[in-house]
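Note that chain A is present in both complexes that follow, paired respectively with chain B and with chain C.
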Partner chain A sequence: MKLTAYYWERTKRYRSAMAGLEFIVFLIILAAAGPFFTVSPTHVDFNEKNMPPPGFMLEQSMYNASSGGFVTTVQHGSWAHPLGTDGMGRDMLAMLISGARVSLLVGLLATGIAIIIGALIGITSAYFGGAMDSILMRATDIFMTFPFLLLLILIVYLFGSSLTLIILAIGLTGWTGTARLVRSETLSLRTREFIIASKALGASHLRIIFYHLLPNILSSIIVLATLSIPGAILAEAALSFIGLGDPQVASWGNILNAGQGSLQTAWWVTVEPGMMLFFTVLAFNFLGEGLRQAFEPGGD
Partner chain B sequence: MDSENELGTVLSVTGLCTYFFTKKGIVKAVDNVSFDVRKGEIMCIVGESGSGKTVTALSLLRLVEHPGRIVEGKIMFDGKNLLDLTLREMRDIRGKKIAMIFQDPHSSLDPVFTIGEQIAEAMTAHKGITKGEAKARVYELLKLVDIPEPERRFHEYPHQFSGGMKQRVMIAMALSCKPLILIADEPTSSLDVTIQALILDMFIELRKKFNMAIIYITHDLWVIRYISDRVAVMYLGIIVESADKKEIFENPLHPYTQALLSSLPGKKGRILLKGEVPSPVNPPEGCRFHSRCPKRFDRCEKIEPEMKEVVSGHFVMCHLYS
Partner chain C sequence: MDKPLYEQYFNYISSLLHGDWGWSFGTSMPVMELIKTHWVYSFQLVLLSSIFAIVLGISLGIFTAVKKNSRADHIAAFFSFAGISIPHFWLGIMLILIFSVRLGWFKTYYDTSLPMLSLENLYALTLPVLTLGTGMVAGYSRYVRSAMLENMGKDFVRTARAKGLPESTVIGKHVFRNAMLPVITIIMLDMSGIVFGGAYITEVIFGIPGLGWMSLKAVFADDYSVVMAVTLIGAFLTLLFNLLADIAYTCLDPRIRYE
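Now for the complex of A and B:
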């Protein structure tokens, strides 16, 4: 049996991991196909502001165009907006789906960037050792001590806020943990006999790194990547929540930020993205934990 | 040692020094070692742990790792000094011309790839051959090293193989490019005795088939008697005696060799050596063996003996014979 098939069988045994995976797959489908079935997430309609989900109602003062003044009306939920609307009458479902896109994009891309940088630095550091190791690891230490949020705020302040910039910023600052893990794994591998044996058979440095070292630490990298995705998602949400997110896109953090003022009345505006964040983070953590256990040697 | 231009010498090592520059001092793991390897012969390097056998072998392929360094010497192979080659040129020698097998078959194979993939990799690293060709060649190699059902075994992982089978795979990998010299670093010491004998027979057979020289490193006198043509005895980083197998076993000259051979079962008059091997950081002055030598005299403590050809082809480094 191929090793990948073997590990898949083992991962399947962890029900929480499979539940996590199912949620992630559901989220990906939602993010990919959802926008074709929902109204535009940026469509504003003040006549439908703070519309609760069906079955709920909200008493609020609304502008009446015919009388030209504010009147207190009772807003009932409607199936036209199954998850309600926010304070500007935007459809919550559409916004949540748009937010799923943003979160997945940030989570996957930023983690991808961080993992690639971290793995390259970690492997180079451990494989070549000596001065290279010292320099790269001290650089990693410095990066680690740097206050990440402050750096993000600085970047947003200097270059303005865009999703690309946020992804890059999270990715370019989040590699330190990976670098350390990969370094320590490589250190224990590089003196193993099969590495020396493949050198004795004439393998080049690149071949050893990509053909022997990388596949052998891939399991750790996969686990670490899965477990760092929630971090990236939360970082973006946090940034958006404090108002430094990309104002052009509806992300869960943005929605949270917009809804916090009306938490007491229009609770769904904050609860819904909050739940999405919660379940997404939980799903990735469950999956990562399951993978970690599946990759652990023994246990058969 | 052997006359320089003797016919059929494939590898000639002269004055090889490999030192390890540690914080405790310079460890002279291999110090001024010289030997020749002739075409198609099995040459054994014997010595106890820490005598520098493995470092000698690694030095031949320039695989000594930091803090170790080859300080001096010449390794002549194919008309070139291996120590002068660039790393790229050296890579072309490794595996293709000189291959090496390691001690522990359990850790010599990459756990995440199938046996077939790994043997094929050894070939594609050097030759530009297609996957299909490589696969056919892998089957051939697996058959050559007596692995049954190669078509099935090709797709299996190292953990599904026994120690002896893994060592066969290592041999198949080493043979994949038909090297001129095979360095085997205690390839059978972690296997049980019956498997050991099978593997040794395989070495003897393959040596004939490929006409390759084998440098066989071991501490096992029984193995030496079984497969070697020539023997070099190492003690504390130097070769103290070398001769044909028959000569070594019948007429050992160096007191260390004598003590070593007296440990074979069935021999009378076992010579027990006192103390332990001295630290290679500060090897004893004079003859390195003098602190434990039962036959030492004044000169041994001060002057390092030189290598002398006592009988034709029998070299020994001892004041008793100068």
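Now for the complex of A and C:
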């Protein structure tokens, strides 16, 4: 616990890391509490489509059936929809909050799955060595040669695009980097005196792995996990962006995909979710980089 | 199709080696022909983006390493973080929004009728290259900077300075050459990820008919032989660039020799 406090003090010195952390906490609160204060993100209202945020206006020529010609209407934003509405009249703010939920869920769960698989494979491989090491590492090599995004697209296309499946797919394809890192860290620890000593004292393999090896590589795992979250979030966003996202939920990628068609008129539909994605990814990158520097021995 | 699985697999592999990559039902042409017409679009995009990213990334990396901890370094660090973090598909859309829709400097889609080796084509590829290249520039400049800094503290650099060599020679010859070793490996290993990661989506946004665009269409059309072929190419490229990275490493650093 003392060590945690020590590292926390060190991380606190990096202002960008702290800013990142603050943004992430803000996003978590927003995702958790936001839906209670906004309208439903799936509420469609065609009378209010493509409403700009307040302060902006949108000129649209619309076909008027009674006069038989085009009339130019000016659409003003209203405070009922502080971030505007999309092409189907859905409230952007509500959709962005729903998207924050999706992105955080994907980022944390998919990375969690990937890290657990990667750590298990990496540790087993390095700790037991020999044939086990060869088999697991060759398997990892083979897995790494697959084009990652194409693999994701294939999985999601073949088995249907539900959020659960997307999270599983990202998690199950993203563990190779962790496996390699954990393996190399374990290899360098395996022959240290304290491991050999506990082996001599008759500790079981499981005890050595969980009480001696894992705590010592935990800092690298935490850094890698933080820096992998953006990748998972972006993978989901990219999938949704090309139209393979879960159609049941409003994720940032889905909104981007829908807004791409109305780029000429409703620019805010693509600008807003992209901004959220950008800041979220930036926040995790800043935090990860700060943690990396804080965990580095003597790195100032 | 009624043969056992291993026999089907054997048939597939042997026809692959004979140049028969199967038949694309979505487009009614041999997969080989399809790849032949599409690969060049991916190739030009990746090539131009790589040149852009390598030139700019390396210069930026050297500059920030030399001016370590200066104001310019901090600004560059911030921008490279932004560059790494910006989702490139969103960057692409924003570039289209600003430069094509608002300013009207470029077309909103890629015009395939342009001859491949022409200035118009180069101009048309500006936005796609920026889209794909920004993240690469940001990443490479970070690698180069840290590799340069690592070498700057070494003894041979102090020796070179002590001999009274001009700073430009010390940086350009002694530090840079040594710093490039890990950078080249990283660039090589990145490459296959770029072809089937970044370039993929960039092609989709700008409507460039490259391998990524083609394979996405194939996925949606259940055109399995195309998807298989593209996956195979992806795996092949990964292996190829791994091999190239190893070869480059031994060529550049004579200390490393594989027995």
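Methods note: the second predicted complex is superposed on the first by the 285 of 300 C-alpha atoms of A that agree within 3 Å, B and C clash if a C-alpha of one lies under 4 Å from a C-alpha of the other, contacts with A are read in each partner's own complex, and residues count from 1 in each chain.
Simple rule for what comes next: a contact is a pair of C-beta atoms (placed from the backbone, for glycine too) under 8 Å apart; a residue touches a chain by one contact, two chains touch by 3 or more.
No experiment lies behind these values; they were computed from the predicted model shown.
Novice: Using the touch definition from the top, say if A:Y211 reaches chain B (first), chain C (second), both or neither.
Specialist: A:Y211: touches chain B, not chain C.
Novice: Tell me the contact category for A:G202 with respect to chain B and chain C: first, second, both or neither.
Specialist: The answer is first: A:G202 touches chain B but not chain C.
Novice: Going by the contact rule set out at the top, does A:L277 touch chain B (first), chain C (second), both, or neither?
Specialist: second
Novice: One more residue to check, A:I242. First (chain B), second (chain C), both or neither?
Specialist: second
Novice: Answer with first, second, both or neither: which of chain B and chain C does A:L3 touch in the superposed model?
Specialist: first
Novice: Which holds for A:F146: it touches chain B only (first), chain C only (second), both, or neither?
Specialist: second
Novice: Is the number of chain A residues in contact higher for chain B or for chain C?
Specialist: C
Novice: Look at A:W267 in the shared chain and tell me whether it touches chain B only, chain C only, both, or neither; answer first, second, both or neither.
Specialist: A:W267: touches chain C, not chain B.
Novice: Give every residue of chain A touching chain B within the complex, in rising order.
Specialist: 3, 129-130, 191-194, 196-204, 207, 211-212, 215-216, 218
Novice: Would you mind writing out the residues of chain A in touch with chain C in their complex?
Specialist: Touch residues, chain A against chain C: 16, 144-151, 153-154, 157, 230, 234, 237-238, 241-242, 256, 260, 263-264, 267, 270-271, 274, 277-278, 281-282, 285-286, 289.
Novice: For chain B, which residues are in contact with chain A within the complex?
Specialist: Where chain B meets chain A, its residues are 61, 63, 65-66, 91-96, 99-104, 107-113, 121-122, 125-126, 157, 170, 173-174.
Novice: Going by the contact rule set out above, which residues of chain C touch chain A in the complex?
Specialist: 81-82, 84-87, 89-90, 93-94, 96-97, 101, 108, 192-193, 195-197, 200-201, 204, 215-216, 219-220, 227, 230-231, 234-235, 238-239
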